[in-house]
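Going in written order, the chains are labelled A, B and C, and every chain counts its residues from 1.
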C-alpha cells in the first residue's frame, strides 16, 4: 500500500509517502528514532502488517514539524529518508 | 459578537433502513460496523457478510454517545439486541474510544471495503468528500487499499469550504450545483485556495458585477481542480466511485469528471454508510478468522 | 534628497517619505478595492506631513502584495528585501528578521547590513498570518486589543488541534461551550500562530538578535507566545513595526535615486 500522510492547502502539497509493502519488511524502523520531532509511530495496519505511520497530531502540520530538517538555504538529505534501509519513504516538498 | 449555531446544509439527513427480505434470526453471523465521524455517525449491520440494516445520526459531543445513538436506531428498527451481535468493528475519527468494539480499523480501509461492496469489484478509485475531510483511495478487486491520501487540514476542498461560500452568497447549499451551470460561459476558477481569502475574492468579483451563479461556478471549478489534484496523486483508474456529501453537488462532481476524464459510477446505495459498511464487513471476516474459518480479510 | 516608499498590503496601505534618509512624513490607511487611488491619496498625505510636493520626489519604490498596482512608482521591491533593509536600518547587526502581517508571515536571515541571505514564508493560507488572530477574536466576541491582553493573563496551556482558520473557528466555539476560560483560548490561538512562525524561523536558523516587524508586533499576546516558542528573552520591535516595509522601500528608493540600477516595474 502507498500511504500518503499530510495535506494539501493553499501553500502547496505536504505529504510524506510510505510504501508499506517495503516498510513492513523492516524490523527496526530506524526512521522513528531518526526524526527529531517524533513525527512517526509504528502501528499494525488493517491488513496485518507492522508499518510506520505519521502521528495523527503531526499530520496536519507537517510543513511546520519538518521545518528544521528543511532549511531555506541548503537541503541536506532528510534524517528519516536517510535512515530508511528500504527506500520506502519520500517527501512531496 | 458570538457565532450563533446555524443550519448546516452540507450534511446528510438522518436516515434508517432495514432489508425487509432478510431476518437476522436466519443468519449464522451478525456483525456491526460503527463509523463515528466528525459530522455524522453511522451503524451498519451485516448478516453473513451482506448488508442488512443501517442507521445514521448526527454526531453528539462524545464518541461513545454518538455510537450508542447510531446503534439504538438500528436495534429499534430490527429488534436486534447488542448480545445478538458476534463481532463489532469501530471506525472514523472516534473509533479508538469505543469500549464495546472488538477492533478499531482506519476509515480509509473501511471506506475501501464499503465502496467495493456498493460499487462492485470493478471499483478502483474512490473519492470520499465529507463535511470536514476529503479522501482519495485506490483499491484492488477485493477492496483492499493500495494507495490513499486524506486531507483534513484545510477547509478548502471539503464540504465546509462550500458551506462558507454558500453562506456568503446566501444561497442554500443544495442549489449550488444546479446554479453553477446556469451561466453564459465557464469563468476561470477563484485563484485563492484558502477559504478565508477566497471569500474576499468572491466579494471583489461580485463588486466587479459577476452574478452569484458565476461566482458559484468559479468556486466549484476551483474545488474540482483541488480534488482532481488529490485524485491524481493516488492515480485515477476506472471504475471511479464517489461517496460522501460531495456526491450531492453536481457542480463539483461534473467538473471533477471533466478534469480527470472519467465518469463516476452510479449507485443505488446511500453512500454515506460506506465506512460503517466496510467496518461491518471487516467484522464479518475477523469473526470467521477468530472462529478458525479462514476467509480473505 | 526626497524619496518615498509605498507598501500595498492586503489590508492596509502605508506610505513613508524620507528626506536625506530620515522619516519626514508617513501615512497609513485601508486599501480596499481601489488600490491605486488609495496609494495616491496616502502618498499625498505623507508628502503633506513632510511639507513637500510630488514633484520633489527623486524616486518612489513600491512593495507589498499589491506593489504592481502602484503605476506611478519608479521601481518595486519584494517585501522580503524591504523588510530586511528596514530591520537593519533600525537595528544594525541584527541577523534574524521576523515579519507578521495580516495575510503573510516570514522569517528572513540577513547579513546585518540589510541584505537577504535566506528567507522562509507563510502565505496564501490564512492560518499562517495575523488574519488568523482576527477571526478567532471575532469568534470569541472580543476586540483584537482585548484578545491580545487577555492572552497574556493566561497561565494554562491548552492545545489547538485545527490548523485551518475555518476549522479553528468551530474549535474555539466548542471550547467556549465546554467552559474553557476565554483567556486560555486566546493564549492557545496566539500560541498556535507563534509556533507556525517559529517553525519558519527554524528554517532560516535563528542567529543573533531577533527583530519583529509587521502589524502583529503590536499584539502583546502574540509577542509573548513568540518569545516562548523561539526561546528568546527579547524581541527587537521598532516604534512603528507596521511601517517597516514602507520604510525599507523608501530606503531602497534612496539607493536607486542615488544612481544604483533599479528594477523597473
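Heads up, the rule we're going with is that a contact is a pair of C-beta atoms (placed from the backbone, for glycine too) under 8 Å apart; a residue touches a chain by one contact, two chains touch by 3 or more.
Worth saying up front: this structure is predicted, and the values here are computed from it rather than measured.
A complete topology is adopted by the chain contact network, contact being made between every pair of chains. Ranked by the number of C-beta pairs in contact, the top chain pair here is A-B.
Centroid distances built from C-alpha atoms place C farthest away from chain A.
Separating the centre of chain B from that of chain C, both taken as means of CA atoms, is a distance of 41 Å. Chain A and chain C, compared by their mean Cα positions, are separated by 33 Å.
Chain centres here are Cα means. That of chain A falls 26 Å from that of chain B.
Residue positions 153-154, 192-194, 197 of chain B are each in touch with at least two other chains.
With touch defined as above, residues shared between interfaces to two or more other chains in chain A number as follows: 7, 9-10, 60-61. Of all residues in chain C, those that touch two or more other chains are 124-125, 163-164. For chain B in complex with chain C, the touching residues are 1-3, 132, 153-155, 160-161, 164, 192-197, 204, 207.
Interface residues of chain C, counted against chain B in their complex, comprise 33, 103, 124-126, 131, 135, 138-139, 141, 163-167, 169, 173, 176. Residues 109, 117-120, 122-125, 128, 161, 163-164, 195-196, 199-200, 202-205 of chain C touch chain A in their complex. Listed in rising order, the residues of chain A touching chain B in the complex are 1-10, 13, 15, 45-48, 59-61.
Residues 7, 9-11, 57, 60-61, 63-65, 67-68, 70-73 of chain A touch chain C in their complex.
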